[in-house]
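Dropping a structure here in structure tokens format, bear with me for questions.
Labels A, B, C and D are assigned to the chains in the order they are written; within every chain, residues are numbered from 1.
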Amino acid sequence: MKSEVTKPPGAETTPGGLSVVLLRSMYRTMLRIRIFEERVAELVTAGEIGTPCHLYIGQEAVATGVCAALEKEDYVWGGHRSHGHYLAKGGNLRTMLAEIYGKATGCSKGRGGSMHLFASDVGILGTVPLVAATIPLAVGAGLASKLRGDRRVSVAFFGDGATEEGVFHESVNMAALYRLPVIFVCENNFYASHMQLLERRAADNLSKAGDAHGITSSSLDGNDVEAAYRAATIAVERARGGRGPTLLECRTFRWRGHVGPSWDMDVGVKRKDELKDWLGKDPVARVRASLSDFGDTPEGFEVMDKEIRAEVEKAVEFARESEYPRASELLDHVFSPGAVIQ
Amino acid sequence: MTTRAITYAEAIREAHAQLLSTDPRVFIIGQGLWSPWYAGTSLKDIDKEFGRDRVIDSPVSENATTGAAIGAAIAGMRPIVFHPRMDFMLLAFDTIINQAANWSYIFGGQVSVPIVIRATINRGGQQGAQHSQAIQAFFMHVPGIKVVMPGTAYDAKGLLIAGIQDGNPVMYIDDRWLYEERGEVPEEIFTVAIGKAALRRKGSDVTIVATSYMAAKSIEAARILSEEHIDAELIDLRSIKPWDQEMVLSSVAKTGRLVIADAAWGTGGVAAEIAATVGSQVFDRLKAPIQRLCLPDAPAPTSAALEGAYYLKASQIVSAVQGLLVSK
Amino acid sequence: MKSEVTKPPGAETTPGGLSVVLLRSMYRTMLRIRIFEERVAELVTAGEIGTPCHLYIGQEAVATGVCAALEKEDYVWGGHRSHGHYLAKGGNLRTMLAEIYGKATGCSKGRGGSMHLFASDVGILGTVPLVAATIPLAVGAGLASKLRGDRRVSVAFFGDGATEEGVFHESVNMAALYRLPVIFVCENNFYASHMQLLERRAADNLSKAGDAHGITSSSLDGNDVEAAYRAATIAVERARGGRGPTLLECRTFRWRGHVGPSWDMDVGVKRKDELKDWLGKDPVARVRASLSDFGDTPEGFEVMDKEIRAEVEKAVEFARESEYPRASELLDHVFSPGAVIQ
Amino acid sequence: MTTRAITYAEAIREAHAQLLSTDPRVFIIGQGLWSPWYAGTSLKDIDKEFGRDRVIDSPVSENATTGAAIGAAIAGMRPIVFHPRMDFMLLAFDTIINQAANWSYIFGGQVSVPIVIRATINRGGQQGAQHSQAIQAFFMHVPGIKVVMPGTAYDAKGLLIAGIQDGNPVMYIDDRWLYEERGEVPEEIFTVAIGKAALRRKGSDVTIVATSYMAAKSIEAARILSEEHIDAELIDLRSIKPWDQEMVLSSVAKTGRLVIADAAWGTGGVAAEIAATVGSQVFDRLKAPIQRLCLPDAPAPTSAALEGAYYLKASQIVSAVQGLLVSK
């Protein structure tokens, strides 16, 4: 209905001006994250995966929209809940799963598990579970970019909880002061573990931190992939143009417990009510609905779904079959003088 | 005193509850205090019992949270600040080391900082390098702070209460791997003297000095050794700073042999200090080189396959002792 | 002219509504700080004092105005530049000077010097030179006050530089969240050591940190003792009323170098120009002028001046004559279990 | 190589300048870099020479500044992050210890963190407890980070350059009390191997192992001792982690006696690790208990009267050695 028959396929745009081709590709990314993580959840429940997994389900639009605005050379940094960031930036699904299994073929050679992901070939310079730890590192990568003049943008993904670490403020200040090409993406899912936002701060006003440090900030619907993409695109332009950092507060929600597959592990009644609301705002379903409006068919979605599931199953097989690191290699990699990234 | 068998975690909880009940100056602050699982069962429902005014689950701000507890202590309260994972406490090193540990000295002893800083070693489970550390050695190095590491339910309770009553900054380090260990613990409020070790087994062939979790492992090791007719004396250090030099030195003077077991990095660790002190203090009585049994000098890996190789087992204590006895 | 002859002395008020008696007492405090520090400057130059002294000259109105709004039982915390805070809160001048001399009679028994001052009898729970270190401690004292319900207010004095330490933000957030009776007094003297404010942050907007954390904040002329007193009075009322913390940015200037008596040790040409401006805004002279308007005479000022100088000279004698701590006492006070403050 | 006598501070400056000149990936960030006095003469006008883009005086934000340097290193730069006082670095322990030191390991060696973290020991002058610390022991304890402590102008230059070329996190600890010491230093870029100690004097009666400032003091002590016909072998450790076990062990195997001098707290310090290792590795060759000469277990006082008693003097090394020789 909404698409005109005369337009060549792919030339359509959403009311927000986004090409449908891009939207479809973002949908695929989101779905891939969703399916991957649902499978991980099953494997954790089955006891096949032992490393702590913090699932990103419900937040897929943020990683996807932001990373769609980036180039392969741009840097991203994450935290404990970074499967989504890793996939959205182009990290290898198979080696991430092998990593989660603790295998030597993993993206961190079995030393990192779910909480320590790395893929420098696509600019993922590290995700680690110390809350807020990668925020200053992202600033440093932005500084490197500025010093080299290579126009790379550096993105820090972090949660609302991370803004309570003082280093967040220190980092934003430094990025502001030196006008670094950094994007601070705060995924405000209203919880840090069991603690609701207003149990941790006086006001629901995270983006004000931007004003305090004199940088542009905005608050957006983190379940709207178009919104995330648009905001990130503007931030990327600003960064590449030497006009400094941006703080994006992306309001969203995680569906599962803080860690692991459970739906209610750390859930009080309050969170249950909120969750019901947010389940209705499923970011994946939302894009799917848009694409349907543009004529994408249930059959088409089915095919995509199947492809991704097949890919994930292959990854499970790969992970299962891979070898564990050897005990004799326990002390390897404490230092790696040769492994300098260019 | 009436005792009954409870777990290490229950003993910790009981100490907190009795302190909160009996001393209005006591409060708890830190991450996870309103969570059913952060502190394991060691603080179960303590917020419900004592109210969220005195049991404060903090923002993710280790530095300010710890600093606030220190400030409250200076202002006359008796806080317990809780770090559910020792690793996170690195963010609070300035306020612990530069402030709390110095406060009495820099003001000429006119003020003390009556605080317990509770830090939990929470390792294993494929959590990896940033969620596994046992960094007691840092605090052993710093003047102005005491360090205790309970290895039994009894000590878990008695040392926490002693920490609060001490009136100085006390780093209280508990270990999640011990939470389900049971032991006889008095029902009443009681203290275990800071600085006093516990002789867990008398023996004549060799002294094993162990901290916390390794003390538990050493009991296992001593049993295996006794089957081989090796009679080990076993000292559970309990306090790292000050540590019970008297008991350790007189034991080694008797046995002439020492194995030190500490489940932390070896280089520059707690075991090094003990070895150095013993080596010079009972120099003439040593029959064999002192052995240190510690973690390898590497971060904790995640893969279960590597974790198995990384962490210490009772069998390694057995081998270390055997090695010592063979060498002489 | 401005005072009416019929009014009893002391009933006069300034145009801002402040009693002249209070203004006169604040003038005395400011002058006492000024004269004390000028003498310290001389003694440093003479080589008689060796511990690093960070002089407060030029900023006297802040400590004076704020502390005038406090009760004796209220707490204050300071930093490396805290002679003024100590005197304004009622600390003993003689024992501070002895401390600066490194004598056993000092307020910190010779273990602290200029940068570690203590006088718990008047609520001074500690000043230390680790930048921002006492900010969270002040929050903790506020928490103690709230838990005990004793209505004490806790004041953290710190510089503009201290706001760059993340713990400042963490602390403001905590105080805001728990509505603690804390006043954050940021003395923005536009420099942290040799670094001008805008070499350290993107914008001259320090009070915005209040908005970011959802607390009341204001920016005021830190060379106007009345303004400081008024703002502090409101903040104290808010704090005692259980309505939470306040952030006060007091804009002022230090006349001397970062450390020591020099006028230009770390001064670029830029600071020299600024200094000229600020010398014209001398906070002490300003109050003196007001008091003159109310009829205070040059002779009266002269008397006050002499009294203070005599007091300071007595303190110098006391400090000189006092004993040093003994080497045998080197290890005393590492612990002091009995010295718990009630 | 052409050498000439320059000071320790000048040597540091020269190393920085040559690194900045020859490697575009090198930059410096930290507090005081645009100040004429923060770094003493060790970085004099370096901002003027290389520009403020590559010589960045930072906000008062130790944690983010250090983290930014680490992030830049991960992204391929070769930063030197400067802490003008070691004490302030406690605020950056998370990013140094949890991040930089672990980064290579947790990602299976696919990435290194080629950074020099320069920390200056800046004590004395009645500055007191928070402005005097020498906390090298903390870093000795942590896997994944190397620690060097130059005691001469030559090493000050060579170790800094080695640190940058190493490709791993290197903690470079210099000492303000050495800034005016002169020594012959090559004009060219050169390196001093990390992990190799320097034999400063051959001797047969006793081995003195010293770090940094104490190595300088030990030269004085050895001279006094030689007048008393005591022939001390003197090893300047230079690297704390890894440290030159080979040289130390073979020296002690020869002399049978060891004094370790480290101007930091003794308990759990660098000297403890050396004593523990030597005590067990050359057990049979030791003729006397190993002596540690360290600061007392107290914070630094301010009063000049107490400072005099607190800090170590060459005469104490002399007495320690004499004590050792008398005891046997």
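Assume contacts are C-beta pairs under 8 Å (C-beta built on N, C-alpha and C of every residue); 3 or more make two chains touch, one makes a residue touch a chain.
Note that the structure is a prediction, hence the values are computed from the model and not measured.
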Pair with more cross-chain C-beta pairs in contact, given B-C and A-B: B-C
Chain whose Cα centroid lies at the greatest distance from that of chain A: C
Whole-Å gap between the CA centroids of chain A and chain C: 47
Where chain A and chain B are represented by their mean Cα positions, the distance between them in whole Å: 38
Chain centre separation (chain B, chain D; CA means) in Å: 30
Shared-contact residues (touching 2 or more other chains) in chain A: 106, 108, 110-112, 116, 128, 130, 133, 164-167, 170, 173, 177, 199-201, 334
Shared-contact residues (touching 2 or more other chains) in chain B: 59, 61, 63-64, 87, 91, 94, 98, 102, 105-106, 128-130, 143-144, 297-299, 301
Contact footprint of chain B on chain C as seen in their complex: 75, 77, 106, 108-112, 116, 118, 120, 125-126, 128, 130, 133-145, 147-148, 154, 166-167, 170-171, 173-174, 177-178, 332-342
Chain A-facing residues of chain C, complex: 164-170, 173, 176-177, 199-203, 205, 208-209, 211-215, 244
Partner chain D, residues of chain B touching it in the complex: 63, 87, 90-91, 93-94, 97-98, 101-102, 105-106, 128-130, 135, 137-138, 140-144, 241, 265, 267-273, 275-277, 279-281, 283, 286, 288-292, 297-299, 301
Touch list for chain B against partner chain C, complex: 27, 29, 53-54, 56, 58-59, 61, 63-77, 79, 94-95, 98-99, 102-112, 114, 143-144, 146, 166-168
Of chain D, residues touching chain C in the complex: 31-32, 34-38, 57-64, 87-88, 91, 125-131, 296-299, 301-306, 308-310
